Amino acid sequence: MRVGVADTTFSRVNMGAIAVDELKKHASVAIERVTVPGIKDLPVACKRLIEQRKCDIVMALGMPGGKDKDRMCAHEASQGLIMCQLMTSTHIVEVFVHEDEAKDERELAWLAEQRTREHAVNAVNLVLHPGELVKDAGTGQRQGFGDAGPARR
Amino acid sequence: MRVGVADTTFSRVNMGAIAVDELKKHASVAIERVTVPGIKDLPVACKRLIEQRKCDIVMALGMPGGKDKDRMCAHEASQGLIMCQLMTSTHIVEVFVHEDEAKDERELAWLAEQRTREHAVNAVNLVLHPGELVKDAGTGQRQGFGDAGPARR
Amino acid sequence: MRVGVADTTFSRVNMGAIAVDELKKHASVAIERVTVPGIKDLPVACKRLIEQRKCDIVMALGMPGGKDKDRMCAHEASQGLIMCQLMTSTHIVEVFVHEDEAKDERELAWLAEQRTREHAVNAVNLVLHPGELVKDAGTGQRQGFGDAGPARR
Amino acid sequence: MRVGVADTTFSRVNMGAIAVDELKKHASVAIERVTVPGIKDLPVACKRLIEQRKCDIVMALGMPGGKDKDRMCAHEASQGLIMCQLMTSTHIVEVFVHEDEAKDERELAWLAEQRTREHAVNAVNLVLHPGELVKDAGTGQRQGFGDAGPARR
Amino acid sequence: MRVGVADTTFSRVNMGAIAVDELKKHASVAIERVTVPGIKDLPVACKRLIEQRKCDIVMALGMPGGKDKDRMCAHEASQGLIMCQLMTSTHIVEVFVHEDEAKDERELAWLAEQRTREHAVNAVNLVLHPGELVKDAGTGQRQGFGDAGPARR
């Protein structure tokens, strides 16, 4: 299993390093890592990881700022990541942490690490253990903050 | 007839299991099921179900949250699902239940089940009985809550 | 000339039947009709009409609701219809009537019929009489309510 | 040099005729003209002009209305025009005049003519004299109303 | 290494000339420059630089205005640039300076120059020194105004 890890210099947390650390705990994986300036550079970086470096799945890691323009950048990047997946028929796990999700820098760093680690497990499961995800279908999983849980009837 | 069923671990209702249950009532179908983390992972999951597992149609099931960011995720996922359909010339029945459509958890669970079941019938009709849909053209059908009905002149 | 007609069960007016009726008045046409659940199902339905049933042009008929979520659905469907046209190099005449354009059900039914009939003529002209459209260039044509007319200098 | 000119019957000014008049002043050009109902029909019209009628460049001329729905239409048309350019690797000069840019009909007609004429020159330069555009890089050119000019340091 | 530089006549600063100046300081590069009218013309200009003039990377330089319509144009251009990158599997470094980011013309000119120069270095690193970007992963880099820096835990 070969996993691509693409992150940014814009992010205020080294999400790429965290992803690599977590991936290695869960599977014997070859890792291809690239860093690009910002989240809008991620779609093509992921495409190149899939096409040229033969990744089976990619984690796209970014930290959009809290302003309106930043939200629009995140939207554009997300659309590009979805299109990239459709062009390559390959999953890309998007891990975006919006700066305004956290109340301060400390929580931001915690959230970025936690969400990255939980999504690294998702990436491994998508390729190696898809049945684990089916078991969690409809259980209100969240990455980072606490799970919502299933809706009670 | 082979039907793909793709749902999420983010959803608070096991919409995939409900879809499988309903589909089996209406037709002799082979079912291919996958679960992904969130709705933005659905487009490529559907593409893989169509391309690699030879589904004739796919149900894409998800439950977006009630915040602005969640609405944007749903928008991005919907665009991806439409693009996926255009790339494969294959119908994908999108079944999204927005958390803020229901007044409480109980209604949310009911709505998710009801809409999923009604759209499972749509999926069967799209492939096996397209004439049934023509009969209902312009009659104001809704999935989940009550139908709007035709406009009176 | 072969014309595809795609409409929805969501619509509260049988726009497909109206389109078929009008098309037959204006040209000797073969008509291929399909009905899908909602407007987001129209793009792939149109692609299949063009690719598999060899339509020269398609009318895509829908009636979006009046809420924000409905407006977003209409936006997504419109983008999909434009992409479908680009992928097939074939015109699709989008006929959308927003429920909140009319003051009551009666006007809604009238508007849906009137706009559908006027756009059926556009569809015929796009394929058979393109010069008729050039004659009307810049004259402020509208479909349904009254024309705006040319701007006076 | 073969130039496509695509305009609409929705527009309240015959922008196509103005474009043709201006293009003929600046170069020995063959012109292919089509008119479509509205701006959302322009992307595929341009694609057909490029593919089937072998245009080297196309002018896409339209006049979106002033309401929210019209702005959304313009957005969708613009996205389609950009996609069409990417699919064909051919420039399309978008000339949109929003009805609410002008204070009255008279100014609207003036603005539509002026912007169309200035962009016709851009179209000729893009194909025949690209160096003329490089000379104007960063000079704050506008089409229609007065130029903004370069930023003073 | 061959670098494309695409800028606009709409911009109020000659960002293309600044990019060329900076690129030459950092590497022995062949440069292909084009100027187009506005930012919505950049996606296809970049595609042509990559396909026809064999650029390894392109800088897309633009200065959107401060009004709502201008923000929409920037959004459309950004989406086109991302799609172009996906179609060509080639990086395009988007350098957009929004007119309302600066408090006056003087700061606008400074910001356009500074951001262009910093992104020129990014372009060189993306092609020739990708390891330099990995070293800066998660350090809160910004182009133009001061860096945000890493989040303190």
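Read from first to last, the chains carry the letters A, B, C, D and E; within each, the first residue is number 1.
As a working rule, a residue touches a chain if its C-beta (ideal position, glycine included) is under 8 Å from a C-beta of that chain, and two chains touch if they have at least 3 such contacts.
No experiment lies behind these values; they were computed from the predicted model shown.
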Listed by label, which chains are in contact with chain A and with chain B?
none
Chain D and chain B - chains in contact with each
C
Please report how many Å separate the Cα centroid of chain A from that of chain E, as a whole number.
25
Chain A to chain C: how many Å between their CA centres?
40
Could you pull out the residues of chain A that touch at least 2 other chains?
79, 83
In the complex formed with chain D, which residues of chain C make contact?
71, 75, 78-79, 81-83, 85-86, 89-94, 98, 119, 122, 126, 130, 133-134, 136-143, 148-153
List the residues on chain C that touch chain B in their complex, please.
7-17, 33-37, 40-41, 43-45, 47-48, 51-52, 69, 72-73, 76-77, 79-80, 83-84, 87, 105-106, 108-110, 112
